[in-house]
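Both complexes below contain chain A, partnered by chain B and then by chain C.
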Partner chain A sequence: MISETTAPTIQECRWCGAGAPADASFCPQCTKILPLPRRRDYFTFLGVPRRLNIDPADLEQRFRDRSRQFHPDYFYNAPLAERRASLERSSYLNDAYRTLKQPIARIAYLLELEGALTPADKAAGAGATKVVPPGLLEEVFALNEELDEVRDLRSGGASKDEWTARLQRARQPIEDKRAEHERRIAEVSRQWDALLGRPAGDAERAGVLQALGELMLERNYITNLLAGIERELSQ
Partner chain B sequence: MAYSNKVIDHYENPRNVGSLPKDNPNVGTGLVGAPECGDVMKLQVQVNPETGVIDDAKFKTFGCGSAIASSSLATEWLKGKTVDQALAIKNTDIVTELSLPPVKIHCSVLAEDAIKAAINDYKKKQSVTAKTVAAQEKAQPTV
Partner chain C sequence: MSRVVGIDLGTTNSLVAYVKDGVPVVIRDQDGDALVPSIVSTAADGAVYTGREAQRRLLTDANRTVYSVKRFMGKDVDDLRGDLRLLPFQVSGESGGVVRIGLGDRELTPPEVSAFILRDLKHRAEQFFAEQGEVDNEVDRAVITVPAYFNDAQRTATRDAGRIAGLEVLRIINEPTAASLAYGLDQRHTGVIAVFDLGGGTFDISILRVEGGVFQVLSTNGDTHLGGDDIDLLILEHVLADLASPRPTFEAPGFTRTSEQIQALRQAIIQAKRDLSDREETLLLGVPVTRAQLEQWIAPIVERTLEPCRLALADANLRASDIDEVVLVGGSTRIPLVRQRVGELFGRTPHSELNPDEVVALGAAVQADILVTGNRDLLLLDVTPLSLGIETIGGIVSKIILRNSTIPATGSEMFTTAVDNQTAVDIHVLQGERELVTDNRSLARFKLRGIPPMPAGMPRVQVQFQIDANGILSVTASELRTEVEQTIEVKPSYGLTDDEVERMLIESFEHAEADVAARLLIEARNEAASVITATEKSLRSPEFPAIAQSDLAPGEQKRIEQALAGLKHVMSSPNRDAILQWTKALNDATQHLAEVMMNRSVRAALTGKNVDGL
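Showing the complex of A and B:
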C-alpha cells in the first residue's frame, strides 16, 4: 500500500481547529506547529516519494529546511504543547534523515514499511525457514572451515606471512561476491523505483520486495564473512 | 544471557563433530543457515541400507552456543533411529531438552531443518541410485 492512497489527506489543527493538509507541519491558518501525525513515515515526513534512489543533496536540503523549522530553540517561549511538538518533530526528523540517507538502511526501512520484513518476523526466528541460496551456504561453510584452519596454523606457530596470505586468498572471492551483490541491490532498487512510476500490480510489487528481502539476508552473510576475515587479520 | 547447563555441556564437549563422506549414497547431508545471525549448520546422517536405521551422525556448526548445542543434541538423538523416526524430531523437543530461551528458539528450528534436509538428501540419493540401477538393468538385459 502506498501511503498517498491510504493516509488521510486532511488533519485538524489542534490549536485553531482549521483544516490543514495531512503533510503540513504548520497550520496554514494560525501558523502554529502541528503535532507529529499518528500515521507517519520517514519518506512522507521528508516529502520524498518511496523510492530507493534518492538524491543525497536534495535529501540533505530537505532535512536542513525542516530542521530549521522545527528546532526547539525557536519554541523555547512557546506553550508546552508546541514545545513538545517541536521536540517530537525534531527527533523524528533526525531518525528519518539518518535512516533514509543510508541506502541499505533505506531498503530495510522500506521493507518494514511495506510489511515485507517486520521486526516481529526477525524476532520469531522465521529466518531459519527463509530460503538462503544453497550455493551461498556452501561458501559460508567452506570459508568458516578455512578460518578454523588459519586459527590452527596460528596456534601451531606458523609465520604471520603464511596465514595472512591464506586469509587474503580467502577474501578475494567474498569481495567479488560483495561487488556482485552491490550490483544486484542497485538493479532491484531501480526496478522498485520504476514500479512507482507506473501502475503496477500487487504481485509485481511483492515480487520486487521479496527479491530485496532476499538480498538483505544474503548481505548478512557476506558482511559476517568479511568481518570474520578482518577479525582474523587483526590478530 | 545465561546458558543452561546442558547447552554449556554440549558447547564445551560437542558430540559427533566432524563429517561423513558426502558422496556415499548412504550418507545424507543437510546444510542450513540462519540469515539473521549468519549461523551455518551442517548435519549428516549415515543410514544402514538394510535396516533403514541411522548408524552414524555428524555435525559441524559455525554459530552461537545454542546452535552448536542444538545440532550436537540432534546427532545424539539421531543415532539408532529410523529415517521416519528422525523426521518426527521436533524443534520443540530440542527447546525443552536444552531449556532454550525464546530468543534462541530459532537455533532449534535450524537443527530441525538440518535433520529434514539431511534425510531428504539421503532419500533423494536412494531414489537416484534405485533409478540408475533400474536403468542399467534395463540397458543391459541379463542374458
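Showing the complex of A and C:
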C-alpha cells in the first residue's frame, strides 16, 4: 500500500513569501528557519533513503549536523514564530534519530509509513497479543506445559534450584526461536532494500512488507514470552 | 547591555559565573570566596539573611534558619516523610500541594526561599560588574543548573525561583552536562565521558559522547536524595545515639539537644568529614576519629551511587571499559572512598583538575553565553531523565516519551469519550519508570475540556506532549474529528500557578526593604572582617616589633589593640551603626601604622631587598 499522492515540490516561505524547495529547512531568500512541513517522514528529514540497513555513523553525523542547524539554543533571540519552528524541527529530528537508529524501531516505523501496520496492529504488538501467531503455536504449547509443571513443583515445595533449572531449560527453545527470527528479519530487510534499487511491482513490495509485518508481530510475542519466563524466575 | 550569568543553585552552596573574553570565570567576594552557603534566615524584625551570615545564625537562631532547601523543591509533604528528622525549621503543606517552610512569622515556599539565594548571587554579580566599571551592571538573565535526575516539578520549581528573584531564566541545564561543558572547553577532545556528580543533596551520573563540539548525553541516572547531607545526617544520628547511651564515646558536656546545639554538632561533623579527606585522623568532640572509621560509617551511602552508574551504562549500551574519561563533580567527590569506588567501577582514575565546587557554574556561564551570542562552536544535547506517561485503565502507566530521549522531544496520544456527548476527559500525567501509577511521580492531573458533543467513542482528541530544552513539559490538545482543529484547554494542578509566582515576585519587592537592611549589615560585617584581618596581619608581622619601637608614638599600639578588641566585640551584633563606628575607629587607629609599613615596603623594594616578609 504505497501512497499514490506525490508531495508538492515547492513551499512558500511564510516570512518573505519567496518559493523554497519543499525539503528546504531554511528559506533560500531570507535565510529564516522554515516551519516543519506537514508532509514529512523521518527518512526524508534525515536525508536517507527508505532502507532498513543504515550506516549508523552516517546517520549520527546527519543527526549532529541537523542539530547544529535547528537547535533552540541558536534561536534564543529570534521572534516567537522562528523559535517555534526551531523547537518543532529539533523535536522531530530527535524523534526521527531515536527511531531510525534502532533497527527494530526502524522496521516498525517503515511498516507504519508504508501503511502496512495499522495503529491497531501497533497497539496489539505493544501489549500482550491474545491470538498466538501460527508460526509459534508449537513453542507456546510446549512452554505453557512447562510453566504449569514449574508452578506445580513450586507449590509442591520443590527447591528453587530445581524449578529454576527447569525454567532455564524451557527458555532455550524460545531463545532459539528468537535468534532464528533475528536472522529472518535481517534477511527480509535485505530483500526490501534490494527492491528499492530496482523497479519493482507494488505487489512485490507489498509482499515483502507483509512478511516483515508478520515477523514483527511474532517477535513481539516472543519478547512477551521471554518476559513471562523472567517474571516466573524472579518469583 | 545587561549581563547574563550562569548560576549553580546547590543544596549546600551556590555560586555565580560569567564569560569574560570567551573564558568562564567564577565571581568571588572581596575575600576571594566564590561559595554562597545556600542558607536563608529571618530575624525577628523581618530582615532576611543569606549565605555566610545565615550560616552563622544556624548557631543562634536555628529555628528561623533554612538550609538544603533544594531538597524540598517540587515536592509535597508526602514526598518528604522521613526526611524531616533533626531539621530545625518547620515544614508543612497539603498532599499534592506546595510545601511551606515556617520562618518566624512568615511561611515561604521552597521557590521563594531559593529566590533569596538567587537574589544574593544576582546582587553579588551586579556589585562585581559595577566594580569592573561596567556602565550597565544589571544582571537580569541567567542559566540555572539542576541535577540531571530532577523531575518536571523540580525543574519548574527552580524556574519559578528564578522568576521570583527577578531573573529571566534563559535555560535550565543539567549539572553534569554543564560540568562536561566546562571540562571540554580547552581540550577539543572526542570520546565518551562519564560525569559522576555527588553533591550536597543529590547524585547524578551522566554519560556523554563528545564529538566536534557536540556534547550529546547518551544516558543519565541518579538519585535526587543522595549526597553529603545524607552522610552528615548518618554520622549525626550515630553521634546522637552514642551521646544518649550510658557510656558515650564522645564527650559533650551540657548537651541537651537544642536546635542550636544540634546544628553546632552538625557543623563539627561536617568539619571532621572534610578533615578526613586530607588526613587519616581528626578530632570530633575531643575524640579521635579515623578515616577508616568514617569510611565504615558512610560505605552504604557510597555504594548507593554505583547501581545508578551501572544502569546508565546499560541504557547507553556501553560497558565500563568503553568510557574514555571519568569526571568528578560536587564537593562529596573529595571523599577518598568515593574516588576509589568510582575508579574501581570504571577501571580508570577519575579527573578532578577543575574545582568540583565551581565547575558546574562555569559550564552554566558557557551555556548562557551560547544563548545570548548564538555562538555555534559548542552544542549541548541533553536527555530527559525519566519516562513520561499517562494513566490508563487499571492504574497502569502508558509511556509516551521514554527516559533518555534527547530533548526537545515530543509524544502524542489519542483519547476518546466513554459516554455520549461527553465534553471533558480526565488526564493524569506521570513521570517515572514503574508500571503502576502509584509508584510514579504524579506531575499533573488535568481535564481536557471543550470536546464537541458527539456519540461516545467518536471524538479523536490528540494530546501532544512537548518536553522543551529545559526538560520541562507542556501539554496541548486538539480534537481531530471536527473540521476545525480545536485547541483544548489544559490546566496542570501541581506546583505554583503563574499568578502565584507573580504575587511572590511582588511580595519580594515589599520585603525588599528588610532585605536591603540585612544586606547592608552583612556588607558592614564583611568590611569589618577585612580591616580586622589586615590589622592582625600587621601586628603579627616579624617587622612589627621594630616598627613599634622606632616609628609608633607612645600609646599608639595600645589604641590599635583597643579599637581591634572593640570592633571584634560588636562584629556579631545586629547593630550596623556600631560596627561602622568601630570599623572607622580601627581604620583611624591603624592609618599611621599602615603608612609606616607601606613606606618600609616601598623602601625595601627600591633597595632591592626581599619584601616577602612584610
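To be clear about the criterion, the second predicted complex is superposed on the first by the 214 of 235 C-alpha atoms of A that agree within 3 Å, B and C clash if a C-alpha of one lies under 4 Å from a C-alpha of the other, contacts with A are read in each partner's own complex, and residues count from 1 in each chain.
FYI, a contact is a pair of C-beta atoms (placed from the backbone, for glycine too) under 8 Å apart; a residue touches a chain by one contact, two chains touch by 3 or more.
The structure displayed is predicted, hence computed values, not measured ones.
Visitor: Applying the document's definition of touch, where does A:137 land relative to chain B and chain C: first, second, both, or neither?
Guide: Only chain B; A:137 stays clear of chain C.
Visitor: Quick one: classify A:76 as touching chain B (first), chain C (second), both or neither.
Guide: second
Visitor: After superposition on the shared chain, which partner residues are touched by A:15: those of chain B (first), chain C (second), both, or neither?
Guide: Neither partner.
Visitor: Considering only touches as defined above, state whether A:221 meets chain B (first), chain C (second), both or neither.
Guide: So A:221 only meets chain B here.
Visitor: For A:98, decide between first (touching chain B), second (touching chain C), both and neither.
Guide: second
Visitor: Return first, second, both or neither, reflecting whether A:64 touches chain B, chain C, both chains, or no partner chain.
Guide: second
Visitor: Based on the superposed arrangement, let me know which partner A:90 touches: chain B (first), chain C (second), both, or neither?
Guide: Touch partner of A:90: chain C, not chain B.
Visitor: I want to verify the contact counts: of chain B and chain C, which reaches more residues of chain A?
Guide: Per-residue touch count on chain A favours B.
Visitor: Touching chain B and also chain C: which chain A residues?
Guide: Looking at chain A, the two contact sets are disjoint.
Visitor: Sort out for me which residues of chain B touch chain A in the complex.
Guide: Touching chain A from chain B are residues 31-38, 40, 42, 60, 62, 103, 105-106, 109-110, 113.
Visitor: Quick one: which bits of chain C touch chain A in the complex? Just the residue numbers, please.
Guide: The touching residues are 170-171, 211-212, 214, 216, 367, 370-372, 374, 376, 379-381, 405-410, 466, 468-469.
Visitor: Which residues, counting only chain A, touch chain C once they are in their complex?
Guide: Residue list for chain A touching chain C: 64, 67-68, 71-74, 76-77, 87, 90-92, 94-95, 97-98.
Visitor: For a test of understanding, state which residues of chain A touch chain B in their complex under the given definition.
Guide: 122-123, 125, 127-130, 132, 134, 136-138, 140-141, 144-145, 217-218, 220-221, 223-225
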